[in-house]
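Quick heads-up: structures coming right below.
The following pair of complexes shares a single chain, chain A, combined with chain B in the former and chain C in the latter.
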Partner chain A sequence: MSGAGNREAVFPTRQSLGIMKAKLKGAETGHSLLKRKSEALTKRFREITRRIDEAKRKMGRVMQIAAFSLAEVTYATGGQIGYQVQESVKAARFRIRSKQENVSGVQLPAFESYITEENNDFGLTGLGRGGQQVQKCRDVYGKAVETLVELASLQTAFVILDDVIKIVNRRVAAIEHVIIPRTENTIKYINSELDELDREEFYRLKKVKNNKKKALDEADAERAKLKEQEGEEGEQLTITGSDEPADILADEEEKDVIF
Partner chain B sequence: MAAPSSYKDRNFLAVIGDEDTVTGLLLAGIGHVTTGANATRNFLVVDPKTEIEKVEKAFDEMTARKDIGILLINQHVAERIRYKIDMYTAAFPAVLEIPSKDHPYDPEKDSVLKRVKKLFGE
Partner chain C sequence: MEGLFFNIHSGYVEGIVRGYRNSLLTSSNYSNLTQCETLEDLKLQLTPSYGEQLANVASPFPTSTIAAKATEKLVQDFRYLRAQATGALAKFMDFLTYSYMIDNVALLITGTLHERDTKDLLERCHPLGFFEGLPALCVASNIEELYSIVLVETPLAPFFKDNLRSADLDELNIEIVRNTLYKSYLEAFHEFCTTDPELSGTASAELMSDILGFEADRRAINITLNSFGTELSKSDRKKLYPEMGKLHPEGTLMLSRADDPEAVRLAIEIVGEYRSFFDQGGIGQGGGGIGGGTQKSLEDVFYQKEMELAKGTFTHHFTFAVVYAWLKLQEQEIRNITWIAECIAQNQKDRIGNYISVF
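And now, the complex of A and B:
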């Protein structure tokens, strides 16, 4: 994960160092927030799975009772009513509507059952005999379907939460294992580059100072040499008699050169 | 995440199952038959002679419909198209396996409970 390769392509400047530091801070805040979200969702998720487990077992019992009541109907009406029921179906009486529930920013739909009273497709079922059993069976099955609807909304919530938790966990892992190390690496890189630049700058200044000093010394030496030569020349000049320029130089400075 | 439009109109339940289950649920009033040229029913009666292709087709049609919120399917029927149910992961419509008169409910076979078990590593 770490190493010089894993960093962002930035120029090592103080400005990008500032940007990277802000980014690291943002990533850490985001990480802790997402982690909390994931924990809240997981808590909810566990609760839902537990309730699903319970509801599934309850459903087994309820459906058993319902099947028994249908058997009663079959016995009472003295024959199969399935065909008649299937053919007289027109519009649904038992319907569902969905509403939303917000869990840590996740919209979980929940089904709610309701019965439209106006239509009744089975007015004639069990007219001959067993009408009471048919009615009872309808009630029992109505209750069973309510349980099923409840279970279905739990299951839908389960499916959606499962997806969301996976996404959130992936994000948490990505921030933790990719973004934060990479940003830290970048910061480290920028810091080392900046230090390197500092050292280079220092060394350069030292060098420049040395060079200047050297140049100055050389210039001094040169001048001294020149002066010496000129002094000799001046001597020669004084010997030759034209003393004017030699006098001027001698008066200005470097009296020590003149004997 | 589900957009509001994807479940607001889902008003009906659908059922695929044996005759008794379907009859019972229809008596409860979940049946809905649309009229018109392409009339559709939201239930399918499956007996041992029904071909798997037909069940698969009904399953695909019902899961593709936009007005069904919950699809109930008998567990022994689900067993016959198990691979399809295991592959089905969408939230809507919710596919619910229910027991039937002749086949008691077995939580071990349920797709959702299998997922629960897998998630908690049991």
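And now, the complex of A and C:
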């Protein structure tokens, strides 16, 4: 990542450091959760893919059998019964219930088919001949539709899961590669700023201390000088009063002796 | 004696029918058909019989086209025969078309009941059952009107008059209406064959009596078997059995009381010919199950029997029954061809041998 540039616009304060740390923690928790969700969904997704494959193969077989049983009906009844069947149907015999299935927080619609046995609207079709074939054909097509329903619910789940998995993966990637580095960068930035402030403060304090010390020293020196001066005078007095021979070379400016 | 004057009126028609019979597909033709890999090959194999009709069919065609074209040929031949027929034979052939008319009228009744545009239905009607008054039925907007038009315009009036009221058309299931009509038709046809002055006592009467009796028995058995598990009550069921055939009256009485296939078996065992049918055909599992291989359904056994009867008819001379037999044979041929075409189109070669060939 592009280092210092990629960070959030915050003031480097202790408070925002706290906020950022909380955010980083949140992001990490979120990341691991989403990752797990994505894994669960992918697992499910693979399973569904496998079942779709199976269902499609099954559908191929069943539809073939169904089409053939229709040929049998045509052979047995010796005519077209399509119109008659269409017209005599009043209510659906094959029905579908839709329910929701929850996979890691994703609502997948699942279709469940059931047959209402009492609905037999064209039970008398082909009464004179071919009735058994008609009923058999109906059952076979019922099975074919069942397979189609199964396939439809799998396909819907497939599409929805595909979308969700993409979104989740995008989120995982976003958290992993954008949010976390940025928060980390921000924290680093705040830390470095705070450190610098610390150092500045320290230096300033040192400087102040130095200055103070210097001032103190100067004051001391002044005082000492003053004291010295005072002392010298006194000494002079003392010297004057003492027996010791004075260095005559040492002090040029000795006071003129006034006689 | 009856042979003496037969040829004056009907000799030509009989000759033509025998000619048609010779052009029916034989076993070797069928075995050639079953060898076909594509519908294109099939079309080529059918050229000798149906070349004229199939010639202009564009290459990718559905199996229904073959059936439609073959039916076209059948209708064409039948119309030619009908045009040649006179006297009792003409009436006989009219009777043949009545069964198709029943189907057509039933179709139109269904359409009227559900308030569909019945004009579209005319195309779906079987051409053999097409008569002048048929388009008039489309005019009817309600059931009473339709009922009166049927009585006035159609040759089916006698079948309607005695058995159905206009309210029945509305209340009863159309299948029951159809079967009631068919029962009445069979009885009328049978009566015509046995009592018409030109026909009674001839080979025609004898043969048709056998064939129609078998048809009646077949319907009775089928109705019984197919009505298990439906709302059709036993007394209503009894009304649908034609009052003729070998099963009538004891057999049909037993059939009317039957509750399961086993009872049906008991009922038909009183007729020696039918006893073996149940052993040959798996009952209740029509079609022998999916991929069930060679097992025949009862339906198949009936068709087989029908074809044998039809074939036997051709051993007789001077009879109208050959026309009936030819019609049935030709129909079976169309079914066979459609079946083979379906098997080829759907790549179900293991069941392709399920057709019925008699020659």
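In the analysis below, the second predicted complex is superposed on the first by the 191 of 259 C-alpha atoms of A that agree within 3 Å, B and C clash if a C-alpha of one lies under 4 Å from a C-alpha of the other, contacts with A are read in each partner's own complex, and residues count from 1 in each chain.
Methods note: a contact is a pair of C-beta atoms (placed from the backbone, for glycine too) under 8 Å apart; a residue touches a chain by one contact, two chains touch by 3 or more.
No experiment lies behind these values; they were computed from the predicted model shown.
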Most chain A residues touched (candidates chain B, chain C): B
Chain B versus chain C as contact partner of A:231, first or second or both or neither: neither
Contacts of A:75 with chain B and chain C, given as first, second, both or neither: second
Which superposed partner A:53 touches (first chain B, second chain C, both, neither): first
First, second, both or neither for A:111, with chain B first and chain C second: first
Which superposed partner A:133 touches (first chain B, second chain C, both, neither): second
Chain B versus chain C as contact partner of A:93, first or second or both or neither: first
Partner chain(s) touched by A:67 [first = chain B, second = chain C, both, neither]: both
Chain B versus chain C as contact partner of A:156, first or second or both or neither: first
Doubly contacted chain A residues - partners chain C and chain B: 64, 67, 69, 71, 80, 125
Complex contact set, residues of chain A against chain B: 49, 52-53, 56-57, 59-60, 63-64, 66-67, 69-71, 80-82, 85-86, 89-98, 100, 106-107, 109, 111, 115, 121-122, 125, 134, 137-138, 141-142, 144-145, 148-149, 151-153, 155-156, 158-160, 162-164
Residues of chain B touching chain A in the complex: 1-2, 4, 7-8, 10-13, 19-33, 41-43, 45, 69-70, 72, 89-92, 94, 96, 98-101, 104-105, 107, 110, 112-113, 115-116, 119-120
Chain A-facing residues of chain C, complex: 63, 67, 103, 106-107, 110-111, 113-114, 116, 121, 124, 126, 173-176, 178-179, 182, 218-219, 222-223, 225-227, 229-232, 240, 284-287, 290-291, 297-299, 302, 331, 335, 338-339, 342-343, 346, 348, 351
Interface residues, chain A side, partner chain C - complex: 64-65, 67-69, 71-72, 74-76, 78-80, 83-84, 87-88, 120, 123-133, 135-136, 140
